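The two complexes that follow have subunit A in common; it is paired with subunit B in the first and with subunit C in the second.
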Partner chain A sequence: MNSFQSPFIFFTDAVLRAPTIGCMLMCLTASLVGVIVFLRKQSLLGESLSHAAYPGVVIGVMIAGFFKLSDEDQSLIALLIMVLAFFSSLIGLWSIHWLSRKMKIKTDSALCFILSSFFGIGLTLASQVQFSYSSLYRQIQAYLYGQAATMTDVHIYIYGFFSLLIITVICSFYKEIQVMTFDRDYAKCIGVKIKPIDTLIFILIALAVVIGIRSVGVVLMSAMLIAPPVAARQFTNKLYLVFILSGIFGMISGFLGNYLSVELNTALAIKYPGDRLIIPTGPMIVMVASFICLVSLCFAPQRGWFLRIIRIGRFRYRCISENLLKAILRFCHTNELDGISFEKIEKYQSLSPFRLRYLLFRLCKNGWLEKTESGSYKLTKDGKVRAEKIIRLHRLWEVYLVNYLGIGAERVHRNAEEMEHIITPELEAELTLLLKDPKQDPHHQPIPPREIF
Partner chain B sequence: MSEQNPYSGNTFIEFFITMMIRLYAFITGNLSFENLASDEIQMIVLIGVSASSAMVGTFLILRRMTMLANSLSHTILLGIVIAFLFTKDSVLPNEAGYAEPINIQAMMLASLCMGIVTTFLTEFLTKTVRLQEDASTGLVFTTLFALGIILVTLLTRNAHIGTEVVMGNVDALHLDDCKLIFIILLVNTALFFLFFKEFKITTFDSGLSRALGISTVFYNYLLMVQVSLTTIGAFRAVGVLMVLSFITGPALIARFLTDHLGKMLLLSVLIGSLASLLGVAISRHILSVYGIALSTSGIVVSTISGLFIAGVLYKKYQQYRGRQGIAKSLT
Partner chain C sequence: MEKPIFEVHQLTVNYDKTPVLFDISLSVPGGKLVGIIGPNGAGKSTFIKTALGLVKPISGKVEFFSEPLKNVRQRVAYVPQRESVDWDFPITVQDLVLMGRYGKLGLFRFPRAADYVACDHYLEVVGMLQYKERQISQLSGGQQQRVFIARALLQEADIYFMDEPFAGVDIATEKVIMDLLRKLKSQGKTVFVVHHDLNNVENYFDWVIMLNMRLIACGSVSDVFNPATLNDTYGKSFSLFDEALKISLQKSKGIKP
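For the complex of A and B:
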């Protein structure tokens, strides 16, 4: 196996430089614009727009073929394709809007229909190009799946310019975009001009799509609008941070996708020399972006799925163990016994014996229970305090519900059963003050006094 | 096909005349299945595809689930690749451009699995991970599609092979495809016929369906499996992307024309079939008259779009008439 090249070569080498920087720029713009689309819950718009751009690409190539532009006029062809693709995707966007507003077609059907029919029309035209200007057909193919490797410095200048444009526009209209994304009515009230900004945003989306299709391709473009913003959203609630993080994630996936595809290609070429195995760049970028997205969906602090599961599990454990302590206290109290045998506990709890034994073991370990020599469980002093506190919270809440919210005394138990695990010490203090430290709950049960340390 | 294609050199009108003559010969028993011309095979397959997808599409549109169909049509690529890995039959066109006979069971199974997996993953992201619905749909299908493309390129050793899968190739069709698509059409028709009431109730009134004990979730999954079946039947002919047009187009046009579910189903099937017929004829016409070989499936999609525009105009005309009627009754 060969050793992997240093990542820095990708920024200096004359051949590798253009694809690397091109991919990164494209991913950056796509992920910035994607944030807006994501927050407006229109993520699938990118999918339709990128497909709607395809006829434009083909027409651009056709015109290039008609005027007999050769491969030397790369910049002209690239620009031509970009402009036409841009207009074609704007037409697609406008049709979607018109269909859903005026013709009362559901948005999803309109998106889907425009996507497929524009693509179909594009393909029909493409087959004509294949027939008439077969030398240029390669160009169209490049836009379908993206072909980063054939990008040159000319492309960088063009895409760089437009990326800069998009970033500038987003920065300068940041306030308007923010207020419109979260509260359109408020935006209208404070005099933000909704329509021009909306149009501007749509133009930005179309522009980002058009920049992106060269490196990722028509078919996979929408992924770059979705994955980085989703990943960024997992980490923060601040809009500007979402923008920044999303941009960073986008650039990382752009770079890594390109890097991995080039490196794996050389590795595969060495291992299987005859087979010309190729890993395409566009899908690789998408895979990297999705990977980042999945990892952050699962492991992001606070919003991550695994951590949420752990939090929920912990809370459940606390509820069960607190209920157990309470039950043991009540049992010992009513029967005036010192301890309780395992069989008795099991009889009154709907937990599996194994789980129950584990819970009791944990409670003993925490110092709330102790096992006597006869094998029965007994509350320690700590455990007693804790159980009494739970009962106190439960009954305090019942008093509050009855006195202040006017709920019937017979209906408050269930709610209190949940709240007893949630009420914080601060809340307890407030409640005590508000209710003037009551001694009895609505069911005439004594409320244990406040613990004194 | 040893003999010469009877359609070669035909214009649009001549195409239909030849078709009628051939149809007559077929009915009287002078023409067997083996002698079908490539145009006829294309027509049969495309009509099968459009009828199948029009039925599925009607319900998808009414249930607002078309974007899920979009994601299915993408993820099916992964299913195809996996079926290919397991059977080692060349499901995908090889470098020579022609595919070997299709392993129908493997394809069916793959489509079934992908339908369920895609729907499940999307629901999982929405419900359990709590991602908003549009984003989870987009994330799932793009990821699986990217994986599919990478595998396709690796397996077929051709960077542009995806084109065939995505665009389809009607010229590479043969009788086996007819069989596959008509099995799928049969399955779809039978399912919709048998469960028409259930589909109707779950589509329009999920509350009632729950009260009656009809599981909305089950019919959702059933519909998604049908979508993936249809897509897999269509992918060799029209590709995984353009089948979406077959799914949404006819049903949307039919929706312009009627408010009745049964009529809408029938109309959309008819419109889809009509578009396929016209598409093949137009493609032949262009080849004969201008000498340009255009992609037939592309032309069918364009025809559907054309019919759709006609439908929009019709609807607009109706709205105009309606307004005039109101104006008249006011004066």
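For the complex of A and C:
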């Protein structure tokens, strides 16, 4: 089995260059426009527009067939198809608006209706083409699932121009896009021209979709709009970084999708010469984008699933150790003892002995507890302060629940048991102020004072 | 009476469904804190949205400084309801507040150094300066409200419309907002506040607009805020009117009642 080619060949080789760069540009435009679609929570829009473009593709091919354009007029056919797909998708968009505004149909129903009806029309026309212009039928199929390999340098220029156009528009209207997406009413109030900018954005979306369906295909196009922004959103809280990261993720997907599909195809052809196994580029691009998205959802700092699990674990650990400190304080207090033996703690806690020993070891190590010579555990001064603070928060919260929310005193303990670990110093100050620093909780237990010197 | 800065003439609004404003005419002089009160669904929010041109009325007109809104847009600031936006949006507190300058900047111009300094200033005024790099989803309800108000302040307008700024905020924030409103008033600005809590109307405002689909009263608190008008605003006497309106709406839409 031969080794993989250098990735650089994909930018220089005359045959590989066009699909690689073309796909990267296409993914760039899709992922930039996708950020707007994603933040507006209109993910279904991309899906509808790409399907609505399909009848345009078919009509384009029919016209090409009618005028007997042959394979030599490739770029002319490509342009014809693009223009018609663009208008077809705009008609779809306009129909969606008309349905939801004038006919008062819910937006998601309108989106689905247009998606399926336009796609249906496209498929019906396509089956017609199959018989009348069978030599061109291949073209239609290419747009359904995407076909990157047949791109030429002309595509690079066309897509390059549109990418530049989309980047320019986003940069110059960045401010307006930001305020309109976040707070539409406010944007209107400060005099942003909502309607023209909206129209512009929709034209951009339609453009990105039309560029995209050549390489990824009608069916998978919406994934390219959504996956990169979702991944980018995981890493940052700044809008311009979402745009930049999304663009980068898009381009990486475009390149890797191409690279992997070409390399795997050669590898497969060598290993199974008779079977003609082919890994198409479009789906490969979408798979790479989805993979990036999945990894981001799992492992991104802050928002990633994996770190959230760790944070949840840490919080649980904190709750358990705080409860333990509290229990030790209470035990020592009621029995007027200085320390408590391990066996006694074990008796009152539902933790396994192994886990309990580990927890106690950690608490000693962090300076909350100390082990006396007799082997029992004793709170340090810091540990005592911490335990008292938890009891204070617990009882304050109970007072709040009873006095302000009118919950029965017998029912508040459970909730306070949870909130004592959550209440921040600011919330504590707020509570103290609101409740006028109470001295007793609803069960007539004393509330430890706020500051201890 | 001195020259009014805000006038509404025979305003009628048919919102998508039932909440409706019917034939409202009023005028408010400058330099007042104006409370807009009325029961749920009385059209308070609709009223200010219509005043700001966000909802199109069926008839009537609204004037600021005796001019239509589009001539004086930059002199009117809006603080929407806190719940009206998605707080998970990827922007920081500073970005949000800077939006207050977008109107003045216009197309193709980005916030300048002076805008950033002014932004810091107003963040400090509302006590949020130390949070300026935070993502907005990490703010508490009261902090979100303060940021919204800082954005309106950055607009440096003459008239402010605030939709329920006291809804669901903590005591500290309520005090900060109230102090700010008084400061704005002392600078001769006018603030319209959609308000829910009837207990502190007399403390907070010096002018009230009482609404329940129709205008019940509009005047200084000492003149018009009394049990009779309150009864008219919150009482049941309007249920008949409401019913008739609903039927008329159904008829005009062609729905069989």
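Methods note: the second predicted complex is superposed on the first by the 338 of 453 C-alpha atoms of A that agree within 3 Å, B and C clash if a C-alpha of one lies under 4 Å from a C-alpha of the other, contacts with A are read in each partner's own complex, and residues count from 1 in each chain.
Note that a contact is a pair of C-beta atoms (placed from the backbone, for glycine too) under 8 Å apart; a residue touches a chain by one contact, two chains touch by 3 or more.
The model shown is predicted, which means the values in this text are computed figures rather than measured ones.
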Which of subunit B and subunit C A:F8 touches, first, second, both or neither: neither
Which of subunit B and subunit C A:H51 touches, first, second, both or neither: first
Which of subunit B and subunit C A:L220 touches, first, second, both or neither: first
Touching partner for A:F354 - first (subunit B), second (subunit C), both, neither: neither
Touching partner for A:L239 - first (subunit B), second (subunit C), both, neither: second
Of subunit C and subunit B, partner touching more subunit A residues: B
Footprint overlap on subunit A, where subunit B in one structure and subunit C in the other make contact: 41
Complex contacts: residues of subunit A adjacent to subunit B: 38, 41-44, 46-47, 51, 103, 105-106, 108-109, 111-113, 115-117, 119-128, 131-132, 141, 144-145, 219-220, 222-223, 225-227, 229-230, 275-280, 282-284, 286-287, 290, 293, 297-298, 305
Contacting residues of subunit C [partner subunit A, same complex]: 49, 52-54, 70, 73-74, 76-78, 80, 84-86, 89-92, 95-96, 99-100, 102-103, 105, 107-108, 110, 135, 151, 155, 170-172
Footprint of subunit C on subunit A - complex, ascending: 39, 41, 172-176, 178-179, 181-183, 185-192, 233, 236-239, 241-242, 430, 433-434
In the complex, subunit B residues that touch subunit A: 61, 64-67, 69-70, 74, 125, 128-129, 131-135, 137-139, 142-143, 145-147, 149-150, 153-154, 157, 159-160, 162-163, 166-167, 241-245, 247-249, 252, 255, 292-295, 297-302, 304-305, 308, 312, 315
